[in-house]
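Think of it as A, B, C, D and E in the order they're written, each chain with its own count starting at 1.
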Amino acid sequence: MPVWMINLADIGWLPAAVAAGGAVLGMVADMGGRVRLGLRLVSAALLFASLLCLARAVVPEIPDVSSVTQVFDVILIGNGFSGYAFVIYFLGFLSVGTGLISVREASRVGVAALIALGSVAGQVLVGAFDLAVLFVSLEAVALVGYALVAAGGTDRSDEAAARYFVQGAVATALTVYGLAVVVGLGGGGTGFSGMLDGLATLGPQAALLGTMLLLTSLAFKIGVFPFHSWAPDAYETAPPAAAAFLASGLKVAALGAFIFLIGRAFGPAVLSGLNPALADTLAPLTVIIAGISAASIIFGNLVALKQTSVSRMLGYSGIAQVGYALVGISAVIPGATLFAATYAFGVACAFLSIEALQSAMPEWDGSVAGLAGAGRKHPVAAFALAVSMLSLTGIPLTAGFWGKALAFLGGLEAELLWLVIIGVVGSVVSFGYYGRVIRSLYIDASQEAGESDGEESVAGSQSATVWPAVVAAIIIIAFGTIPMVTGLDWVSIVFGM
Amino acid sequence: MSLDTVAFALAAALMVGGALGVALTKDVMRLVVGLGAFLLGVAGMFLYYGHAFLATAQVFVYVGGVLVLMIFAIMVVHRANGRPVLEARHDIGAAAIGAGVSGMLFMTLRESVGGWLPQSGTPGGPIAVELLGRSIVVFELAGGLLLIALVAVLVIVGAGERR
Amino acid sequence: MILVLLVVLPLLGAIAAALSGRRNAQLPRVIALGTTVLTAAVSIAALVQLLGDHDAMFAWSYTGEPGMVVFRLVGDGLAMPFVLLTALLGIVAVLASWKIDDAPGAHHALLLSLQAAVTCVFLAGTLLLFYVAWEAVLIPMFFLIGKWGHENRRHAALKFFIYTFAGSALMLVGLLVALTYTGGGAIGDITVPIPADVQVWLFWLLAAGMLVKIPAWPLHTWLPDAHVEAPTAGSIMLAGVLLKIGGYGLLRVAIPYAPEGFKAAAPILAGLGIIGIVYGALMAFAQSDLKRLVAYSSVAHMGFVLLGISTGTALGFAGAVLAMVSHGLVAGLLFLLVGSLYERTHTREIARYGGLAAQVPRWATLFTFAALASLGLPGLSGFPGEFLAFIEGFGEFGWWMIPAGIGVFLAAVYNLSAVRRVNFGPLAGEWSSLADASTVELVAALPLVVAIIVLGVAPGLVLRLTDPVVRGITMILGGGS
Amino acid sequence: MSLLAGNPLSVVALPFALALLIAAGGKKFVSITQWLAVVAPVAAALAGVGVLASSVPTAAQDVAWLSQGGSVVTAGLAIDNLTAVMLVIVGVVATCVVVFSIGYMADDDARPRYFALLALFTGAMSMLVMASSLVTLFIGWELVGACSYLLIGFWYRKPSASAAAVKAFLTTRIGDVGMLLGLALLWRVTGSLSIPEVLAAAPEIGAGIVTVIALLLFVGAAGKSAQFPLHIWLPDAMEGPTPVSALIHAATMVAAGVFLVVRMWPVFEVAPIALDVVLVVGVVTAFFAATVACVQLDIKKVLAYSTISQLGFMFAALGAGATGAAMFHLTTHAAFKALLFLGSGSVIHAVETQDIREMGGLLKKMPVTGTTWLIGVWALSGLPLLSGFFSKDGVIASVLHAAPLAGYALIAASLLTAFYAFRVTWFVFFGSYRGSAHPHEGGLVMTAPLIALAVPAIALGYFSAPFMQSLGHEAEALDPVVAGVSVTVAVIGVLLAAALYRLGVDRLETERTSLGPVHGVLFSAYGVDSFVTRFLVAPLEKVASWFYEVVDRKVIDGAAEGTAKLTMLFGRLASGLQTGETDVYASLLGVGFVVLMSIAIWLGR
Amino acid sequence: MSALVLCAAVFGLGLYVVLTRRELIAVLAGAELMLGAANVQLVSFASMSGVPGESAQALALMVLVVAAAEVGVGMAIIVTLSRRSARSRTDDLQEVNG
């Protein structure tokens, strides 16, 4: 076993430190007025952090270093957590990579720093193995969320940020109350293992209340049906690059925590082994989660159909997509995890290409109809947006398909056929609005140029910000087609759950 | 009625009085006073449970910091049109939801909570050992969170176009 | 290895055509033609290889690490006739779109990728690859209808996509359920048979996508809209090949994985088939738009396919395969002719035509020939398939064949009334200067005509190929005749 | 001879090849290739004669046409005596018709298509006749129908011709569907479609089923042989060129129905009820068609209805169980009816009209046509010494024995036959010429076939004994009583026609007034045709368009589009939740938590 | 039991304030009420079930810090909102919806 591989196996906090360091350095450069340098610093740090995590995820397990190396109640490496971390850091890198044109000059580096710090908080959130750590990182992620929405700098973004904040505050209060019940009343300490024993001592209803409160807090952050109200406004008004990270990076982190906490810790598969008595007191959880998932799929898809603005439509489709993730949550195979990753790349690619299109077509009002003919004028950005739309629908040859297939397979393993069918019908309805975007990109004639503009100069005003969208699109297609040949064992490598 | 219960009752009264003040007043200053009273009540509670450091932290952070911040905010927000009259849409729906949530909490936790008399807690060992020992990570993370809050405020305030 | 070539070759052609489309209009056409001819040659070589080692099924799969093998191509007797049909229609489609001048590069690229996707469906060896290829077919078709279609192509393209996607989504659930039970994922090796009670609803899930694609009676309304709006080449591929993956899917996936479910569902399927036959013929008779008429005739023909499959007997399946291959040829020829006429007259209104036989004799003869083949005249390819479906249908369902007989009669009604209204009678004034079919179109039509006659006279060619596989299916169904 | 008789496949393949050659030849070589069209029927006749001479049936050349997983549908050809007789009939008549058409169609510009179709028809007819499996028979059956469709609609510019062609194909198609059902029932019951096996298994099939099979086969026969009610297409089929009518609508295709019943006789034998139906239909058609023929003014329409009537006779004979008499009458009828049609062809060719009111006195101007026509009419009416007398006598005798009432009807029909036959003869060939053209005899190529056909019309009667032996029946002697009655009836018919003629041509006009309403009914063939168009064809269009507009567009498509609109509507409703008010958002959080918690508790109780 | 009643009641009251107050600052105050009540509840439950004093205190301290940070960010949002578009009442904040 080469030396570098052993060291790599135990990188622990290195990626987080690199990212945080990059953020601080960026801020310093910004103070000196060097905005471009600041941005480059932050994105370089994020890139390095993500590559570290990817390397750690791909490197085979080393027997003596336990797969779950717990560093102060936070699992940073090993079976899947580094895979998650890679996704979060890489998406942060892509968001910052766009140069955050849509954010005002003054706070551009600030937003970049926030994204970097947000990624750190996200990694910790995913790896949290202790309720206190979970709570603090969750709130850190929430704060980053408020700031990213407010970074839009328009009256509308302020309004959306205010509403998002109010709801966040109420959710935090609920979370604290949850802590009070689970840690306080249970008395088992904040670690997950202690928590479970503590819950066992509680009466059935109290245990249910505790877990439900924790579930609500996480459910709010991932934007599932009853707690979704903030998502559409936030995505519509936030600057597209910031929204890209908000919708993908932070949501994946919250989803990872949700899956690990609710799916695994309280999930039937694990719990029945550890503590059968608690397992059947918490049995209603799986039904609640299935209910939430169905409600979000139905609500998200239906309302998205009505939207005219692309970002707002993506907001609603985000609600539906999280619904799909919850379908396979309590199954053994990493269905929900893989779905979270593929969804993140899909929605990130969408927002990044919107960012590129917005900077290339300033007069575009963000509406679907406004995109008419964009396929001809800005082929690269349009291609990325089309790929993201296909991936979000779950059309084969895109990564989205494998995510959905495995999520539904998980759902079937959990005997939830009715939910899988709702999910499938939902993804069919989803082509109603995703397809409309593709149709207006490629098929509709652009109004002012008219059908006969013929082969206009293909280059068009191709701004520098389009390369992140392209990178994301390429990854989507790569992870869509490679499994066709090699089969799905790459999933177990990256997401070893 | 031992001394402890009197202390508990005092702190509780302070909390409830302050909360009601916040909920019902029409005048903004009375709202701030109410909030101050509530926070003092909370500090009292911490004292009652024997967490002296916590009570002092509460007083410093909240009563000192947050209230002053709030006053500044009120002054900034209502600079133009004098002292605003605070109205509130007291509708039944909101009351129902509030009562529903608290009722739900109460009903579910009723069994697993002991007798009426509040037991005073044990002060426990030095907090620094705990903070820098077992939950060092949480401590660091709190620091990180504050950094994030700082950057966030900078971004939020700095982001808007200058009118 | 030859199978991979069959799928990869058109893809390479598509990429080449797309790139060359930038420079000039003629190059992509030549590349497309070259690729399709080459693919046809390769498919014939595959046929020879299949016949060589006396019908043994030969498969190719990526021998990567264990895990769930996804990419596995299987070429056997059931798939080969369809692969050959696709190759032939690929050539015809390219020839039919010879005069496309609006972005020819992209047009031919999409055509070739469509052909690659369809061939991949027929050769798919695993459940997941079958589904992936099934969906991949939708994307090029969506753009073909959307970009090069006629008046309200936007609506038709989206409707086509969502309608078929809804069906195939349910099929995905079925496939996943099958996957959870059999684990292997490779089509055919059902190690642990699926419990009977599951099979009942599993069959309907699996068949959902296929019934939309065939199209079975109530799920057919997307077909006329898609056909009327699609460009000629698109229509040829849509009618010629896309409708077949439904029937093929039933034989290859739905029945082997849920035989009990199939037995329970057979009467309903037969009912849908018979209604389809009568309904399609009635609708075709009522049409005033030529392309819509041919579209509804496809519904009628595929009604026979469904009837054949629902009989559950070896000859019934053989009849279904024959009917599918023959419909591919006949519908391909009909759409080629209607398309070429539309390109010159820019109208599909039958009322405005009349007496074309005098003005365009070559076109008229081909059209009459196609109409006769379409009404199932013996000696042409339509008859054997429909005859087998009819007599086997009678064997299984008895007097329910009377409506099917009425459907056979109605088929003659709409076909001949179409020929009479278009070809015979006095020549309509406005077409006095109409040019006859161009040589490109004749060259495109020739292979189809020959194939229709050969298949009509000697259907044994196809039956010999499908015999081993059909025996296997009937074995699964409990040793049917 | 023996080569052709040896393998039947060549007899079928040769005409198809020739047809392809003629079509490929195109207009340039038509003058040469049209003679190739003669080779096809000659081959068929030689094959027939070969088998009859050696009286050794050729074994069946069977092939497994459709085989899959154990069950097999065989297809094959074989020649036995019955087939041989039919082959001779088809061969002789077709040869004469082709030779005649070379003259008749001399100035037509689409001759290659015409002769190719004729060759194709001969091939199809011989396949039908030589079939040793019901599948091959059905293929021949439909191909013959298709050729008749293409030939009737040969002059496609005339809308009435194309409409008649479609009508012919569709009506026969109804019969074919019935036959297909019969085949399917046979397949289910006996598990095979090869004729020998089916016939062997016929007795064991249950009485009920075998009757249904026989009836279904008879529906097919009735469709092809234009028996009531499926006869409406034959009069309209006269739109096609006259030689076509002579070949297809007089001698060969229409006789296929009779051939089918004779070929499948063992099935009919065990189904007495079916035979009664055949008898009744035959008699009704015979009488009914004869009445209509009496008032027709178009020479070909008269012959058309006469054919329907004579076929009625044959089916009546079959109904009475006398297959020999039926086949013998079929043979003689083929000869003299083809002769009459060709005669009418040469008349039309000369006077360019088909309306007998504009003809008259043609015997003098066209002696050969006139005399051969007289021979034909003489035989048709069953007057003594010619073939008609013997065959019709056999038929009437057998029907009288089986069902006296039916016999009397047939006698009445033969009276009418004689009447309309001679009515046409007097008005066309006697008196003075009323038309504007200047009629003259056609060339040798048109007169030779007339003479060639006259020979069998005369002589065939005397060969009834050897004919019967070849078909395996013993030859009954002539029944003097029946012969006497039928001769007197024929003579009465002739005299009546003469009386009518004596009153001169205006007599034809006054016919309408004198018969009054009866004339209208008869002229329009009892209104069956208008009934069908009004109550079957027109409603079909209305039903089809209603179905399309309402069921397809509104109901099914509406359902599909409707679900899309419904989901959009739900979308608008659900978006009401996003009002933008802060308190709504926050309360949703609270309410959400409370609801979920209560569900959890309710589930967990 | 009394601590539970107190905290649950104040928690509900805080939510009521959030839902009914129309000024954002008052809404923020309501959120503070809820957080404070929850914190007290945490401490009271910890002492009741014998959780070692110092870990309860540490956790409560963390909650306190988080709540303070949140108020800070909330104030920032409210101030910029009122400064930039002179809106600080919830019913003028209904532009983004649908």
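Just so it is clear, a residue touches a chain if its C-beta (ideal position, glycine included) is under 8 Å from a C-beta of that chain, and two chains touch if they have at least 3 such contacts.
These figures come from a predicted structure and were not determined experimentally.
Think of each touching pair as a link: the shortest run of links from chain B to chain D has 1 of them. In terms of the stated touch criterion, the partners common to chain B and chain E are A, D, listed by label.
When chain centres are taken as C-alpha averages, the shortest distance to the whole-protein C-alpha average belongs to C. Averaging C-alpha coordinates per chain and comparing to chain A, the farthest chain turns out to be D.
Pairs D-E and A-E differ in how many C-beta pairs touch across them, and the larger number is found at A-E. In terms of the distance between Cα centroids, chain C is separated most widely from B. Between the CA-based centres of chain A and chain B the separation comes to 32 Å, rounded to the whole angstrom. With centres taken as mean Cα positions, chain D sits 76 Å from chain A. The geometric centre of chain C is 36 Å away from that of chain D, both derived from CA atoms. Chain centres here are Cα averages; for chain A and chain C they lie 42 Å apart.
In chain B, the residues that touch at least two other chains are 89, 93-94, 97-98, 100-101, 104-105, 108-109, 113, 135, 138, 142, 145, 148-149, 152-153, 156, 159-160. Residues of chain E in contact with two or more other chains: 11, 14-15, 18-20, 27-28, 37, 39, 43-46, 48, 50, 55-56, 58, 62, 66, 69-70, 73, 76-78, 80, 84, 93, 95-98.
Counting partner chains per residue, chain A has residues 132, 136, 139, 143, 146-147, 150, 158, 161-163, 166, 170, 177, 181, 185, 190, 205, 208-209, 233, 306, 432 touching two or more of them. Pairs of chains in mutual contact: A-B, A-C, A-D, A-E, B-D, B-E, C-D, D-E. Taken in their complex, chain E has these residues touching chain B: 1-6, 8-17, 19-23, 25-26, 28-30, 32-33, 36-37, 39-40, 43-48, 50, 52-58, 60-62, 64-66, 68-73, 75-80, 82-84, 86, 88. Here chain A touches chain B in the complex through residues 20, 23, 27, 71-74, 103-104, 106-107, 110-111, 113-114, 117-118, 120-121, 124, 130, 132-133, 136-137, 139-140, 143-144, 146-147, 150-153, 158, 161, 177, 181, 185, 190, 202-203, 205-206, 208-209, going by the rule given at the top. In the complex of the two chains, the chain A residues touching chain C come out as 390, 395-397, 401, 405, 408-409, 412-413, 417, 420-421, 424-425, 427-428, 431-432, 435-436, 439, 442-444, 483-489, 492. On chain A, the positions that touch chain D within their shared complex are 162-163, 166-167, 170-171, 174, 204-205, 208-209, 212-213, 216, 220, 225-227, 229-230, 232-233, 281, 283-285, 287-288, 291-292, 299, 301-306, 429, 432. Chain contact summary for the complex, chain B toward chain E: residues 8, 12, 15-16, 19-20, 22-23, 28, 31, 35, 38-39, 42, 45-46, 49-51, 53-54, 57-58, 61-62, 65-66, 69-70, 73-74, 76-77, 80, 84, 86-91, 93-95, 97-103, 105-106, 109-110, 113-127, 129-131, 134-135, 138, 142, 145-146, 148-149, 152-153, 156-157, 159-160, 163.
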